[in-house]
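Quick heads-up: structures coming right below.
In the two assemblies presented below, chain A is common to both, partnered first by chain B and then by chain C.
Coming up: the complex of A and B.
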């Protein structure tokens, strides 16, 4: 195995994982954020708090639950048995499930805030112009919330790239399947391959810097706080 | 409850003031044995041994970066030797504290079938420790190659970051079977296990070194000496290791 493929493989896999996770999260989070942003009730606060749990929980808690849930004794194992597998752990699908849960608050929150900041007025105005709620949502609410979506996509992607504990616990370190960048760095450090570790780590640091810079530039350009 | 607490406080008072403490980096496979040794060590000397567990590779990386460990119990000979050569350990003190045994373990009984279970069609995921970081993982690869099964099973292998995580993969049922250390499963009555024949892998000689940071620590030196005592060797053997006669 060459050093280059040892580095490049995890990079590509990480981008695939983060990209797919972000796409799924944008689809799931939009209706959820819309619902959460409208007229607050106790119920919504409870759901919102549950969705925000990964912000506070150590990744090991999530990793442990996922390992049990994805395994043969949990629902994940039941799903996996549909195609003859015993578990969803150690699979790319398992990582996507884990990442979606883990990164969800980072996507829901900015969209929710953007919807909430918009207030009721634009939707009411659209209604008086006889736009259907569905049409008003797409032509009024979504464009108004665009900075929130952008922030959500960037944060969701970046946070998935930065995931480590969960992947370490449910991944099984399989090259090309579950060996993402953060795990590859851990591996390189453990096996005294520090040149490779340095390369990847520096790349991650640069990536994080670019993400944070992009975030503040978006906030500035859009003229309102993004989160 | 209150009485227990009182008795506990009383024991604390009874300890001599000079009871020391030492930090020991322990390869994950030696977890239970080290815990038992630390208890015996405390009973014999009143010193406290504070144990940190991890894959030998991870501990080695930490030690080279100045981790405050006094003693390093590795799962191999290579890493202690490197530590010694780097001048981080007391020269000449290195010795083999245990010789490990590799087993194949499964939550169901199938592992008892040994290599037949490895060849069986029902095997979907086989857990081994990361061979680059943990000697038991290396021994597992050796075994698979000696059985001419490595190429056919390569796609089914999942790696644990340490031998402890490897076992946990099989214990939760996420992996069908796992190559682990005998010490991890010796006290279990559930599941099935197969002692891998010793001619299939290189002997797992586990070396200990007294690190420079521990040289001036009385408790560290005492622990290092205690590790070679008959008491400690008895415990080590009880957990499924062989020990070498002291030089």
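Coming up: the complex of A and C.
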């Protein structure tokens, strides 16, 4: 196998994983963030804390529980049996599920903050202009929270690209299935292929820089204008 | 509005504050809801809009019940326009987008077309601008236009001028007067500024500590001896009348009101038009006989209807005409003069008005 395809495979797989994870997260997180951003109650704080757990848990702990859940004896195994598989662990599907959970706080939080920052007023104004709550949400709340969505998408994508511990625990290192960039670098180093490790590592460092720059530019360009 | 009334009864306890407000306002003209801050004015307005829900409430507008024990019509099903204290424009839309936002979803009869609203509020140069680039006064004009274009049958305004500086206020008031004069749309107007009431309102609902202490036509409430308006330092009455003469050489207009007529400076006036005259209590002095050779233009027979002491002054309610049956004025005179002239309710005398200001120019 050529060195280029050794590198290219993990890159494509990583982009697929991060892209899919981000898309799923944006769909799930929007209603969750909206619910969390409205008048806080103890219930919401508890749910918010649970969703934020991946921020502080060691990835191996999260990975361990995910492995148990996705394995043949967990709910993941039961789901996998629907299409004749034995387990969701060590599969791309399992990796997506793990990434969604792992990256969720990075997507929920910016959207929640954006919803909270706009306050009640825009929704009230929309209601007095005959907009149903549904229409007000899509034509007022979501467009106003756009910077939050953009930040959420970038953070969710970047964080998924950068995960390592969880992937190793639940995905292993199967080329084309679960061997993403961060695992590939580890693998190259283990096998003393320093050139490939350098290439991937430098690429990821550059990616991280671009992400952070993009974020601060977004914040600057879309900083809250006066109402 | 068909059944011409806005009927409101609201009751709520919130900590130390108790709201217990009930009033009926006519289904036309401007009704000011006036009171000091913290008196519950805004809560009343939000309840009428459906933005706030009190457990015990009855809101009825033009014969339709919007809230009672069994029903609560959600905000977006109430045909209202709402102008907030801060313009609250949608920052992701330009001015045109803001104006059209409400026009899109609303049913019912249009009060005015988009072009008419733009002309009425002077919005043409702003249409393609972003709200963040507008001045406070411009924003509030857009907010008013946006509310009008949503085809409301009732316009609710919550201190629309109080977040603005003096210049912006003076910029907006003429537009509000236009809205009042041109559209047959009932307006509930919350304010704590009496000068706005005197310029805009036909009716007033007086609030104090969560209660309505008086409601009715502005001039009647202004001269009601049992209500606090009369005792304010800058107490005044606002009289409606018709211009019956205009002397362009001296720039003076004569306004006929019930039981009398007043001459007031006016840069321009048209005979037959209806205008409003503001007469401050401090500008009215009393004489037992008709003064001759005075520089004061306005001397009218009147009768004292009521009088109340207020500090070292007496505040008298006067009815114009020798029988006192005309419009009411209030006069602020020192107690010394009061006693010296042996003034008392029932007495017929002459009211001299030193200053009368025509409004609604």
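Here is the rule we use: the second predicted complex is superposed on the first by the 223 of 227 C-alpha atoms of A that agree within 3 Å, B and C clash if a C-alpha of one lies under 4 Å from a C-alpha of the other, contacts with A are read in each partner's own complex, and residues count from 1 in each chain.
Criterion: a residue touches a chain if its C-beta (ideal position, glycine included) is under 8 Å from a C-beta of that chain, and two chains touch if they have at least 3 such contacts.
Everything numeric here is computed off the predicted structure, so don't read it as measured data.
Asks: So, on chain A, is it clash or fit between chain B and chain C?
Replies: Chain B/chain C on chain A - fit side by side.
Asks: Of the partners chain B and chain C, which touch A:131 in the superposed model: first, second, both, neither?
Replies: second
Asks: For A:95, is the partner it touches chain B (first), chain C (second), both, or none of the two (neither)?
Replies: Neither partner.
Asks: Quick one: classify A:33 as touching chain B (first), chain C (second), both or neither.
Replies: After superposition on chain A, A:33 lies in contact with neither partner.
Asks: Just chain B (first), just chain C (second), both, or neither: which does A:158 touch?
Replies: In the superposed model, A:158 contacts neither chain B nor chain C.
Asks: Identify the partner contact of A:140: answer first if only chain B is touched, second if only chain C is, both if each is, neither if none is.
Replies: After superposition on chain A, A:140 lies in contact with chain C alone.
Asks: Where does A:24 make contact in the superposed view: on chain B (first), on chain C (second), on both, or on neither?
Replies: A:24 sits against neither chain B nor chain C.
Asks: Of the partners chain B and chain C, which touch A:121 in the superposed model: first, second, both, neither?
Replies: A:121 contacts chain C only, not chain B.
Asks: With the two structures placed on a shared chain A, what shortest C-alpha distance in Å links chain B and chain C?
Replies: It is 50 Å, taken between the nearest C-alpha atoms.
Asks: Would you pull the chain A residues touching chain C in the complex into a rising list?
Replies: Residues 121-122, 124-133, 135-136, 139-140, 143-144, 146, 225-227.
Asks: Can you list the residues on chain B that touch chain A in the complex?
Replies: Residues 55, 57-58, 60-61, 64, 124-125, 127, 130, 132-133, 157-161, 165, 168-169, 172-176 of chain B touch chain A in their complex.
Asks: How about chain A: which of its residues touch chain B in the complex?
Replies: It comes out as residues 67-68, 70-73, 77, 85-87, 89-90, 168-169, 172-174, 186-187, 189-192.
Asks: Can you list the chain C residues touching chain A in their complex?
Replies: Touch list, chain C to chain A: 49-51, 74-77, 79-82, 84, 86-92, 101-102, 105-106, 130-132, 146-147, 150, 156.
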